[in-house]
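The following blocks contain the structures, represented as structure tokens.
First subunit A sits with subunit B, and in the next complex the same chain sits with subunit C.
And now, the complex of A and B:
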């Protein structure tokens, strides 16, 4: 709880301190605030209690929530540090960018730690509204504006659907508290169409948030139009919060209705991995490719939610760990390349221009493609292995499509590593110190991921 | 320091050298690179001496566990006993001298730092090979030395004239070794399957103490596979043709890897597994005859080779054959003794030839040399000592070690002794031929080459001198019981002291009169050959003929008995044919076609799916609503 408050206060301070027109101060505030929140999380992991005990039942930071929150805070730390050079381009907006990112993180943490649906909904909106703003923050860019508007329209519909579904579930169970809902479903006091349709409608809203087919259409346009760093935030943090809330709500709260939603999810996962991977194949723009890849990855992550295993929470965490660090590294490299059209061709020869970036790029792409011994491999392996006995068809489809996924990851990799025609005219890419550190952390996290999993 | 710490340090030093030179060597001056690589070797040798002084019982040093499964446990462990520390001394000692020599020899080379990196890495791998406490570690080192050997044979791969040839020679060595390695690997699996362990000590306990002996056929299989492994690394028939080609590498490499140390790995393997071989007499016989044949064939080929290094290479093969004869007769300590003396004099000869080549501005053909003794006196003297030692001249090291093997042969079988004597005689003949052709007579090279003739610098001659001294006195290590009462057979006793299996094999010594007779005949033969060669090559001034003039046996010898041609016809060409056919039929016709159909299909579907993404928000919203409708329909149909 104390970490959540600190994150929120950090967001507030960074917004107001920006009036000093000193971007460094905003950065420092954000870094210190988020780092201390992370430290508090770690402390709470070891001691079991936070420093502040609030008698509030809507949020509970138990061990899984701490695990996921810490990862989310780490992602945001890396994104802010890596994107700082972008934020400070427009001094008057630096504070807004950073504080909006942090407010969104507050929403993500609420979504992770919720214990009743009311808090969950609040978290979802706190998470989403800053993103609508940030997606459209390139005001003079028509694509950015379009993306923001599209996201807002579709997002509003999804919010409406979610509330609608919640109302059905409330009607069936008479409670917002997930413990009580869970108990009501298990002891059979809540059943029938009211509950079941409610659950399915809520699931539709979730599938929208994590970007699973056929609720995924917004994501290529929004990912593509949003400023690069916001794309990274959405791919890493929003996915994390959405997937964990999904896991918590469905495998815990709606456990009694497992046969119902698992059957639907089965079909949706298969559709998602196929559509995501196949659409990514022919993309020529980096962020759109990333968007489709994130759709496919959401499909793989949903497999962790599908299977009835005690390890699902951990497997999903490991999966997001590998995915998030790789995405952040790629996003920062894309920020460095700064190609106007955001085309994949713009990455040609990046590895030659700066071997360090080439190394990080290699590690990230191979991790995304699921090559051992990188973190992405272990995440995929753990998720697939856990589900294989129960859903062989699902896992085989997932493996086959991730084979297709290999194609566009490796093709991108080949472009990035290609030899420049004229070696002497190559201009060097120079990441800032902060970006170098962030890239290094991402690469190390991906390299040692296997040991964490072990 | 305790022994375990010392051993770890011995292992770490070459690795450190390789690491520093491999990472930073490019930016360091040559002096520092060479000095570092050489210093770590001398330090390792010094530490090995300390261990040698303190060692009493077998010591096992556990490093870490590599693999732990229900059925198999692999440990990275080291074992220090007499055999391994003796090999360590030879490897680090001779290795240090060759490093020193290389500092001078390679001084003009661009890849100086690379060379020393590989060389240090080789020593590290070799130390793992000899110091490991199980077959797994041995295999690790075995492959490690293999890759270093490959890298060093093809070291001058970018040479304009010979680069391609060097690469092919390296490849040949690698492939031939692979065949042997496969045998070794199969042997390892068989051992694991039969005994459940790869640890030397546990294996020895099972066999020597518990007497858990598998069937004769299994023992035959295991030992035969081990022997196949040994034939690859130690260049025995049928896998010996890579070693002469390996002379494409720089000369110090030939001295260190392809004469003194790596090629004796096969001998080490057999000595290490002696208790296995003692249970498989058939394999011992096979080993004996293969060794005998190799020794004879290689000696014969060496008779009419005109490349100074090729002669030495075939001589190495021949000597290795001799060693396998010794192993086949169960004379393990005699084999290790000869390995040691051979390391001394063969390293000396190779380095000497290196010095000659250096003086001759990279000319290796002995027909273009001659009369060099005036120009390079130190090289000449040390080369002479090496020649005498390998020819078995009385009181030099080779005399004793060879004599011991010959004595075993007499006790074993008269015919084998006779054939072995013949091979030894051939060795003396071709070695004296080469010596006289190189150092006596008139200089036959160009005037320009003559102008460049110079003695090598001190860092090259010093190793020669040290090795020459060792070649002279190396025999003292294992004196026969003929002359003295005490202090004889020191090395044998040392090895038997705590090497598993060896203590059980009691060598029977010949009676004094018989031994005297043997020695006498060997001495007489060597001296006769020396005089005859002197007469032929110095007094009569006979010269090596040009290749076109050769006929009969000389041609056969010069053409290496057509081994390469036969192998080419028998193996290389059929395999290339199969490769070509499978490329045409399987790859192009079947695989490529089917894969391209598959990828087109996927690409098409991808396009289809992509068109779904229309870009209109109204469509997106519609699909979302349809999705929800779908979910509800699913519910209605299913529940």
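And now, the complex of A and C:
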């Protein structure tokens, strides 16, 4: 709770301190604020209590919430540090960009730690609204504006559908609190059809938010049109919050109705992994490829939500850990390459121009593809292994499609590592010190991820 | 007239107005029917003893949002010609999908009748009054109430960011 307040205040201060027209002050405020929030989270993890004892209805930072919140805060820290070179281009807006991302983090934390559906809904909106704005923040770019409008319309519709579903669930169970809902479903006092309709409608809205297959049409356009760093934020932080809220609401709260929603989710996961991976194969633009790869990854992560294991919280965390750090590293490299058309060809020879970037690119791509010593492999392994006994067909499909995934990750890797034909045009890529640190942290996180897992 | 008759008439009017929103071909007429629907919904709220909700519904939806809708529609100047043509297959598919959803919702609502009667029997008469609502909002639900301020500040900052005129760059 105290960490949440600190994050919010950090957002406020970094918004107002921007009036000094010194972007570096904004960056420093954001870094200090978020780091102290992270420190508070870690402290609460070890001691079990926060510095200030605040317990209100609606939010509870228990151990899983602390775990996910810390990961979300770290992602935002890395994204702000890595994207600083982009944010400071327009000095007037630096404060707004950074504070909007931090406000969005507040929403993500509410969505992670909610104990009733009020708080969950508020968190979802606080998470989404700054992102709608940030997607459209490149005002001179028509694609960015289009992406923003598209995301706003489809996102508001999904929110409306979510609220509709919530109303049905409330009607059936008579409560907004997740433990009361869960109890009402388990003891059978909730009425069948009302509850079923509510759960399925809510699930549709959720699948939209995490970008699973039949509800994924917005994501390539939005990911492609958004400013690069915002794409990274959406892929890492929004997915994290959405997936954990999904886990908390479905695997734990709607536990009693498992047979109902697991059947639907089963088909959706198979569709998602196939559609995501096959469409990613055909892409020539980097961010669109990333969008389809994020669809496929959402599909794999949903497998952790499907299976009835006590470890699914931890498995999902590990999965998002591997995915998020790899995406952030790739996004920052793409920010450095800064190709006008955002095409994959623009990355040709990047690894040779700067060996350090080549190394980080290799690590993150191999981790996304799921090659053994890296975090991405452990995430996939844990999720698949836990689900294998119950759903062999699902896991086999997932493994087969991640084989397809291997193809486009490695093709991208080959392009990035290829020899530049025209040596004279080679110019050195120069990451700033901050970006070097961020890339280094991502690479280390991916390399040691496997040891955290055990 | 008994309360039941009033409820039935009001409910019928509400559904009729809502249907007219969809059926009307002219967008402005459609919006005006929507305003009527909101007023009728508000009157339903009053029948359920939820005065605060009724007033807020009129102020926010019928007042602010609908006026905005009207302005946008008048500015957009929608004609028949500018309407996008949809393929007949798409139309059939959407009718089938919508029909299935409608059937499922109606079927599920049948369960709701018994539930609604039980809830009505146990409900207190003064539940929806402003006083009770305020007390709940500032005691039990104070945290969501306060957190919504984050939402407002984020959307204000966002609106300013998007709407502010950029310095013109002369090429």
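One rule holds in what follows: the second predicted complex is superposed on the first by the 449 of 454 C-alpha atoms of A that agree within 3 Å, B and C clash if a C-alpha of one lies under 4 Å from a C-alpha of the other, contacts with A are read in each partner's own complex, and residues count from 1 in each chain.
One rule holds for everything that comes next: contacts are C-beta pairs under 8 Å (C-beta built on N, C-alpha and C of every residue); 3 or more make two chains touch, one makes a residue touch a chain.
What you are looking at is a predicted structure, and each value in this text was computed from that prediction instead of being measured.
*Asks:* Could you say whether A:263 touches subunit B, subunit C, both of them, or neither, answering first, second, both or neither?
*Replies:* Once the two structures are laid over each other on A, A:263 reaches subunit B alone.
*Asks:* Between subunit B (first) and subunit C (second), which, if any, makes contact with A:220: first, second, both or neither?
*Replies:* It touches subunit B, and subunit C stays clear.
*Asks:* Tell me which partner A:57 touches in the superposition: subunit B (first), subunit C (second), both or neither.
*Replies:* Only subunit C is touched by A:57; subunit B is not.
*Asks:* Applying the document's definition of touch, where does A:175 land relative to subunit B and subunit C: first, second, both, or neither?
*Replies:* In the superposition, A:175 contacts neither subunit B nor subunit C.
*Asks:* One more residue to check, A:140. First (subunit B), second (subunit C), both or neither?
*Replies:* second
*Asks:* Looking at the overlay, what does A:104 touch: subunit B (first), subunit C (second), both, or neither?
*Replies:* second
*Asks:* Looking at the overlay, what does A:158 touch: subunit B (first), subunit C (second), both, or neither?
*Replies:* In the superposition, A:158 touches subunit B alone.
*Asks:* Touch check for A:197: first (subunit B), second (subunit C), both, or neither?
*Replies:* Touch partners of A:197: subunit B and subunit C.
*Asks:* Could you say whether A:129 touches subunit B, subunit C, both of them, or neither, answering first, second, both or neither?
*Replies:* In the superposed model, A:129 contacts subunit C only, not subunit B.
*Asks:* Give me the intersection of subunit A's contacts with subunit B and its contacts with subunit C, in residue numbers.
*Replies:* Subunit A residues touching both partners: 193, 196-197.
*Asks:* Quick check on the complex: what are the subunit A residues that touch subunit B?
*Replies:* Interface residues on the subunit A side: 149-150, 153-154, 157-158, 161, 193, 196-197, 200-201, 203-204, 207-208, 214-215, 217-218, 220-221, 260, 263-264, 267, 274-275, 278-279, 281-282, 404.
*Asks:* Can you list the subunit B residues touching subunit A in their complex?
*Replies:* That would be residues 602-603, 605-607, 609-610, 612-613, 615, 617, 619-621, 623-624, 626-628, 630-632, 634-635, 638-639 of subunit B.
*Asks:* Residues of subunit A touching subunit C in their complex?
*Replies:* 8, 12, 15, 56-59, 93, 96, 99-100, 103-104, 106-107, 110, 118-119, 122-123, 125-126, 129-130, 132-133, 136-137, 139-140, 168, 171-172, 174, 191-194, 196-197
*Asks:* Using the touch definition up top, name the residues of subunit C that touch subunit A in the complex.
*Replies:* Its residues touching subunit A are 104-105, 107-112, 114-115, 119, 140-144, 147-148, 150-151, 153-155, 157-162, 166, 169.
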